[in-house]
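Heads up, the next two complexes both have subunit A, just with different partners, subunit B and then subunit C.
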Partner chain A sequence: MSEREGEREMLLDVPVEPPVEMFLPIPRRFLEDAYRNDDYIVLVGPQHPGSGHMRIILRIKGDIIVEAIPDPGYVHRSMEKLAENRLYIQNIPLMERPAIMDTGNVTLGYVRAIEQALGIEVPERAKYIRTVLAELSRIGTHLYDAGILAVFLGHTTGFMWPFALREPVIEAMTRISGTRITSSFIIPGGIRRDVPWETLEFVRRVTYVLERRLKGFEKIFIKNPSVIARLKDVGVLSKQEAIKFGVVGPFLRASGVEYDVRRVEPYEAYDSLNWDVPVADEGDSYSRFLVRVEEIFQSLSIIRQAINELRSIPEGNVISPDVLDGYEEASSDIRGYFYRVFGNLVLPYGEYTSLTEASRGTLLYSIISDGESNVPYRVRVVTPGWYYLKGFMESLRGERLADLQAIYGSFGYFPPEADR
Partner chain B sequence: MSDNIEFLNSGPLAPFKKWGTKWSLWPVHLVTACCGVELAHAYASGYDGERLGSLNYGISRQTNLIIVEGAISRKMARVLRITYEQMPDPKFVIVMGACGLKGGIFWNGYHMVRPSDVVPVDLFIPGCPPTPESLLRAIRSLQEKIMSGEAKNTIEFREFDLSSVEGRSCPALPPTTPKVIAPTPAIKVDVEREVEWSFGKKLVKRFEKELEGLYDSIKITGKNRIAISTDRKRVVKIAQILSAEFDHVKNVNVIDVPHERSFIVEYHISSYSVRELMPVVVNIFAKIPRDDPKFPSLMTYWQSADYLEREMYDFFGVVFEGNPAMGEKFLLAPDTPDFPLRKDRKIRDECYCMEVKE
Partner chain C sequence: MIMEAVYELLKAVSKEHFMENMVSIPLIQPVIDNLLNIPLVGYVVALILWKPMFALLIFPGLLTLMTVLLFIIWFERKLTARIQWRRGPLEILRWAGGIIQALADGLRYFFQEVIVHRDAHKPYFIQLPILIFIPVLLPLLFIPAGSIVGIKTPYALPVVVAIVSLIPVFIVAIGWASNSRFAYVGTIREAFMYFAYEIPFILSVVAMILVYGTADMTAIVEKQTIPGIILNPVAALVFFISTIMATSRLPFEIPEADQEIAFGPFVEYSGIMFGLVMTIAYEKMYILALLMSVLFLGGGNGFPIPLLGDLAPVIWMFLKTMAVMVALAFLRSIYARFRLDQALRLSWTTMLKISAVAVLIGAALNIAQVA
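Moving on, here comes the complex of A and B:
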C-alpha cells in the first residue's frame, strides 16, 4: 500500500505540467489540486459549435462542474488601440464591428459619446429613426441568439426559424440604410440620410409579420417541452449574485433587477414612447431566454409607436445644424460633405462616458480627448459580453457538464463582442 | 499506400471521387469573427446552403472545408492550424471577409494574423461582411475547382486604360494624412461642467462629508457623472465606503500619459440596488507613476472588477495588487508584444501612396 502511495507521489510530477504550448491560462496549483482530489479538467473549445470562439476550462467532479475558468481573447481584434490611431469619424465602422448584428445600438453608443462632448442636440426626426434602427437591431440580435441557443441544444428547427425571422428584419435594415448588416448609418448629429415614408411603412408591416411568425416560433421552440426541460432551473443566478458579478442587460433583468439604461438614463426617443421593461425573478436559463423573447415584443411595439410619431414630423431635417456648421449645401453635396464636416472633428478636452442599452446589455464608451488632436486620446469600450462573462462563469458552478451548452446559449455569449 | 492514393486520384474511379467530394463540402464550425452572422444566414432557411451539399458540422475530423469567417487573431491562428491539421484529405479553405483577405478594417492591429499565412487558401471572398449569396457563389466556385483543378475568379472586371483619361493637367500628389496628433497633450479626466442636476450637487456634498480627507477633489463632469480624484493609498478606503451603495464596477480604465511619466487609473462605479443612484456613474481615479505601475485591486469590494483589471494588466502592465491572476496573460496570446496599449508601442500608420505608371 505504502509503495503505491509512493508511486502516486512520483506520478504527481508527470501529468500536472501545464501544457504551455496549448496556451492554457491556468495556474499550476489548480491542476495539482484537481489531480489530488481526483477531479477532471475538461477543456471546452475553442473550436465548438457556438458563434465565435472561447475556451472554458472546467474542473469536474463526477459530472458536476466545480469551477469554470474562461480563456477569452480568441477574437480580440485590438479595437481600442486602433481607435487611437483613426479619426473620430473613421472609428464609427470600427466600433460597429464588435457585434455587427447589433449595429444600431453599438454605433449609437459611440456617436452619443461624441454628441455629449460636442453638446449637439439631434433633430427630432433623426432621434425617432435612430430608435427604430436600434430596436430593429435588438430584435435581430435576440433572434440570432435564439438561433444559436437552438444550435447549442441540437434543435435544428429552432435554428432555422429565428434565422428565417431575421430575414425581414435585415430587409428592413437594408431598405433603411442600404446594406444588410453593417450600416454605419448613425453619425454624430443625426443619421446619414432621411428615410422615405414608403420604407417606414414597410418597416411597420414587417413588425406585424414578425409578430405573427413569432407565434409559430413560440409553439415550435419557446414552449417546446424539450426546450423547457433543458433550460428550466439550470444555471441559476440569484439577484444578489447577479448584482455582485456585475451582470448586465436581459440577464440581469432575468434575475430580478429592474435596470435598463433606456429607462434609467433615457436617450433618443425612449422617454416619449410607451414600453415595459420585462423582468423575471427565477434567474435561470429559461427566464434569461424568455426575458429576451418578451423584449422582442416590446421592441416591435416601440417601432410601431416611433413610426406613428414619425408621421407628424416633416421629412428632411435629419442632421443637426450644429454639426453642419453653416455648410448649407450638405444635402446636395453627397460626396464632399462627409469629409468636410466630419474630417476635422475635434472634441473638447476631457472625458465623456456614454451608457447604452445594447441588445445584450449595458454598453459603455469612454472617450478621452486632449482637445487638440482629431483622433481620440483613448477610447475605452466595455461590451455587454465582457460584463457578464464573470456571471456566466459563476452560474456554471454546481451544474452538470451536459447543461453547459444550455447555459452558454442562454447567455447568448458572443465572443467577438466580448473580446472586441 | 501512396499507390492507392495515386490510384484514387487519377485512376478510373477518379471522376467519381471528385464528384463525391464536390457535393459533400462540409464546413467545420469555426466561426472566427463577425462574418459568422452571414454564414449562419447562408445555411439557414433563407438561402439554404444545404442544397449545394454543404452542411455545417461540429467536429473537424468529419469535415473537409474550413470557412474562415473574417479576422484571425494571434490566439486563433493556432486553433485554425490545429483544426486544419485534424481534418482528413482532401480539404479546402475558403476565407470570408476583408479581414481575412488583407486585414480589412483591422489591418494594422497588434493581434491580427492573415489566414493565408496560416493555412493554404483556395478562395477568398471580399466584403465586410460578404453577403450569403457571395458565400454560396464561393462554394459553387470551389466545386468547379474540384472538378477542373484550377480556381477561377467569379467576376472579371473590365480594365480601363487610365493614361488616356483627360482632364488632369498636373501629376497628382499623394494626399497628406488628415490626422492631427498633439505630441504632448494635457490629459484631464475631470473637467468640471455646469449642468442642471440638483441631485448631483447634493450627492457631491454628501461625498465630501463621507470621504473627508480621502479625496483631492470631487467634481461634476456631466449629467449623472461625478469624478473623484484621489491617490492609490487612499483609494481602498474610498472603495470601502462607497461599496455600501455602489455595488458594481462599470469600467476599469487606464490612460497612459508617457510625457508626464504617469498612468491614470480609473474605476467607474454605479449601483443596481439603489434606484436613485442607478444612472449615476462615479469615476474614482488616481495617478500612478509610470515606472512603478502598481495599484491596489478593488476586487475585494467589487467582484465585477476582476476581469476588467486582468484586461488592463494585459494592455498596460499595471499590476493590480490583490488580484490573484496578475502576471498572466488573459485576453492576449502569449506571443503578443507586452502591454500593447501603451503609447510608446506604435502600430503601423496608414500611408497614402500612388502608383506611378511609366
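Moving on, here comes the complex of A and C:
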C-alpha cells in the first residue's frame, strides 16, 4: 500500500433517504378525510417563489380551495423575548427589524408607549417631523406591497416601477435620518436631531415627483384590464366577516369599515392636519389594493401639510426637556447625551399600551415594567400581519388555486412582520 | 437494374444536380463561380447553395434559427429592461450591449449538473426534451422564402399546422414524466390551453386557405398582391392571439406561471436539459411568426433587389418575421397573467366566435374569386 493511498479521492456512497416522518401542523384526521374525499393537499411554501417564508396548507377540490391552513413562524425571531434583556432604548432598533419599510410607524408605537409611561409631552416640531417620517414609511410600504402584488400576477413592469419609486422615498428618509431603511430616528421624548429646512424642502419636492410618476403607474398597472380581471371579485370579505375575523388597517377599510387609529385616537400631529380615510365597499382584492393606492395620495398630502406647518415652528427644540432631566448640554453633546439620558431609563411600575396605525394596519405595543429595572419585564407586540392572517386564510376559501397569489398580494402579507 | 439505381443515386448527389437548382446571388456570383471550380470546396459550396439545403441550413433553418434565438431572448430582456427603467444584460460583450447573453447562459447550462430526481420516469424524462425538437424543427422544411424551400408540396400548410399541434403533446408527456405536483398542475393547464387555442388557430388557417384557394405556401405568397392581413384582418387577429397562447407568453403565460407553479411542466429540469426546454417556446414562436408572415404579411414579397437575387425574399421574410416576434416580445412588459378559467372563457367564447367570422369572410372572398 503506497503512502499516497490516503490522499486519493474516495467515492463515499452514503445512501441519503428523504425524511419519512414530516411534521405538519394539521391533525391526521384532516389528511385522511381529504384523501377519502378525493381532495388534493398542496403545500405552498415555505420555499416557494410566490409565498415567502410561510407555508400554506391547501386542501383543493379540482381547482377550488376548500380549506387553507397557515403554517407561519419560519421567520420568528423571538423579538418579545429578546426585548426583555435589552435597555428600553436598545429595543428601538430591535422593534423596527421585522417591518422593512415601516420603520417610522413601528418605532412610533413603541416610543409612544414609553412616553405614556413617563408622562412626557413631545415638542410641537418633533411631532410634525415624526408625522412626516411615519407617512414616508407608509408610502414606502404601500409601494413595496404593490410591487410584490404585481410580481405575483406576473406583471414585471408593475414590480419594477414601485420599487424604483420607492427610491426617492428612501432618499428622503436618508436625508432626514442618515439611514436608508432602519432609521431608529424616533426616540422617547422627540426625535434624535432636528431636520434642517433644506431637507424638508427636498421631501416636499419628492412628494410632487411621486405624484407625477404614480400617474404612469396607474396607466400600466392599476387600470390594466388584465390586472383588474385578476383582482376583481376575488377573495371577497364582507363587512361582517372582516370584523369577525379581526382584519385591520386598509384591508378592514376595503370592506367598508371606517376605522383608522389615526382618526379614532389621534396621535402626533394627525388631528391638526386635513386628510381623508379612504374606504371601499366591495371587500375584494382590487379594492384592498385601491384603498392602499388612495392612502399613498393621502400620505403625500399629509406630508405637504406637515411641512407647511413646520415653516412656522422655530428650529431647535425637538427633545422634550422632561426626558433630558436637566441635562442642558444635550444639543451640543451629540455623542454622549444618548447614553447619559437613556442609559438608565426606568419606567414606573405598570402596564402601558399604545395603538398605532402602521402601514398594514393596527399595531399594538404593551410594555410591562416592574418599576425598578432598566429593562422591560415584558413587551407584547402584535403586528398587523398577525391580526389579519385569519381573515386572509378565510378569504381564500372557495377561490381558485391561481387566485392564491392574487389574494396574498392584495393583503400585502409580510411573514417577518407577522412572525416577529 | 442495380447499376441503374446506383447511377440515379450518383446523379442525385452530383454537383451538376445541385447546380441546376442553386441560389443565385449576383452580388457575389464571381466569387461563387471561382469557388465552384475548386474540386472539393466547389462540391460543398454547390451543396450549401442547393435550394433545399439552403433552406435547411441557412434560412429558415439552422443558422437563422440560432441567430433569432440569440437575438430575441436578448432583445426581449433589453426591451423589458428599458421599459422598466433598468439596463438589462450588459456585462457580456459590453461594447455590443450584452448581445451574446443567451449564448453565455447556454454555456453555463452546459456545465451544470443535470439532476434526475428519484421519482422521475427516467427514460422519458431524459428523452422527451430532445425528441420534442422533431416537431419543433420539422415545419421549417415546408416554409418557403421566395423560391427557396426545403420540401415543396401542395399540402405544406396542413402539414405545418399538424406538426405544430404535436408540440403540446410532448410538453404534456414531459410533465407526466417529471412526476411532480407542480409539473402535474402545469401539465393540466397546458392541456386545457392546448384545446382552447387549437380550434381558433386552425379555423384562422382554414379561413386563409379559403381566401387563397390553395394550401401551397409558395402559391399563397404569390397570390398576395394585397397582404392577407388586409384581406382578412379578423383571421390575423385570431392567429396572433392564438400564437400568444400557443407560445405561453404573457398575458397567457398560464402553464409556466413561475410565481404559482414554478415553471410548471419544466420544474424538475436542470442544467442543459432546462436550457433545451426553455428554448422550445421561443422556437415555436419563431415557427408561428414565420407562418404568420407567410399567411398574412406576404412572406418573401417586397420590392426585388437585383444585386441580391434570390436572397432578397429571404431578407424581406426575415424582417417580417422579426417584426412579429418583436411585437410578441413587447407584450411581456405590459400585461399581467390571466387566470386559467378566464383564458379558457376568452378562447371558447369570444375567440371561437370571431374565428367563425373569419372563416365566413374567407368563404365570401373565395366565392367572390370563383364568381
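Quick note on the criterion: the second predicted complex is superposed on the first by the 395 of 420 C-alpha atoms of A that agree within 3 Å, B and C clash if a C-alpha of one lies under 4 Å from a C-alpha of the other, contacts with A are read in each partner's own complex, and residues count from 1 in each chain.
Everything below uses one rule, namely that a residue touches a chain if its C-beta (ideal position, glycine included) is under 8 Å from a C-beta of that chain, and two chains touch if they have at least 3 such contacts.
All values reported here derive from a predicted model rather than from experimental measurement.
K.L.:
Which chain, subunit B or subunit C, ends up touching more residues of subunit A in the combined arrangement?
P.N.:
Of subunit B and subunit C, B contacts more residues of subunit A.
K.L.:
Classify the contacts of A:Phe152 with the two partner chains as first (subunit B alone), second (subunit C alone), both, or neither.
P.N.:
Only subunit C; A:Phe152 stays clear of subunit B.
K.L.:
Tell me which partner A:Pro321 touches in the superposition: subunit B (first), subunit C (second), both or neither.
P.N.:
After superposition on chain A, A:Pro321 lies in contact with neither partner.
K.L.:
So, A:Asn224: does it touch subunit B (first), subunit C (second), both, or neither?
P.N.:
A:Asn224 contacts subunit C only, not subunit B.
K.L.:
Is A:Leu401 touching the first partner subunit B, the second partner subunit C, both, or neither of them?
P.N.:
second
K.L.:
According to the stated criteria, A:Met160 is in contact with first (subunit B), second (subunit C), both, or neither; which is it?
P.N.:
Both partners.
K.L.:
Kindly list the residues of subunit A that each of subunit B and subunit C touches, one partner per complex.
P.N.:
48-50, 160-161, 164
K.L.:
Would you pull the subunit A residues touching subunit C in the complex into a rising list?
P.N.:
Answer in residue numbers: 42, 48-50, 63, 150-158, 160-161, 164, 220-221, 224, 226-227, 229-230, 400-405.
K.L.:
In the complex of these two chains, what residues of subunit B are touching subunit A?
P.N.:
Residues of subunit B touching subunit A: 28-34, 36-38, 40-41, 44-46, 58, 60, 71, 73, 75-76, 78-79, 82-83, 99, 105-106, 108-112, 128-129, 131, 178-182, 185-191, 193, 221-222, 224-225, 227, 247-251, 253, 255-256, 266, 268, 272-273, 278-279, 281, 283, 302-304, 306-308, 311, 315, 328-334, 340-341, 347, 349.
K.L.:
Over in the complex, which subunit C residues touch subunit A? Could you list them?
P.N.:
80, 83-86, 181, 185, 250-251, 253-254, 257-260, 262, 332-342
K.L.:
Using the touch rule from the top, collect the residues of subunit A that touch subunit B in their complex.
P.N.:
Those in contact with subunit B are residues 20, 23, 25, 27, 46-53, 70, 72-82, 85-87, 93-94, 97-101, 116, 144, 147, 159-161, 163-164, 166-167, 170, 180-182, 243-246, 252, 257, 259, 264-265, 343-344, 346, 348-353, 355, 362, 364, 366, 368, 370-375, 377-378, 380, 382, 386-387, 389-390, 416, 419.
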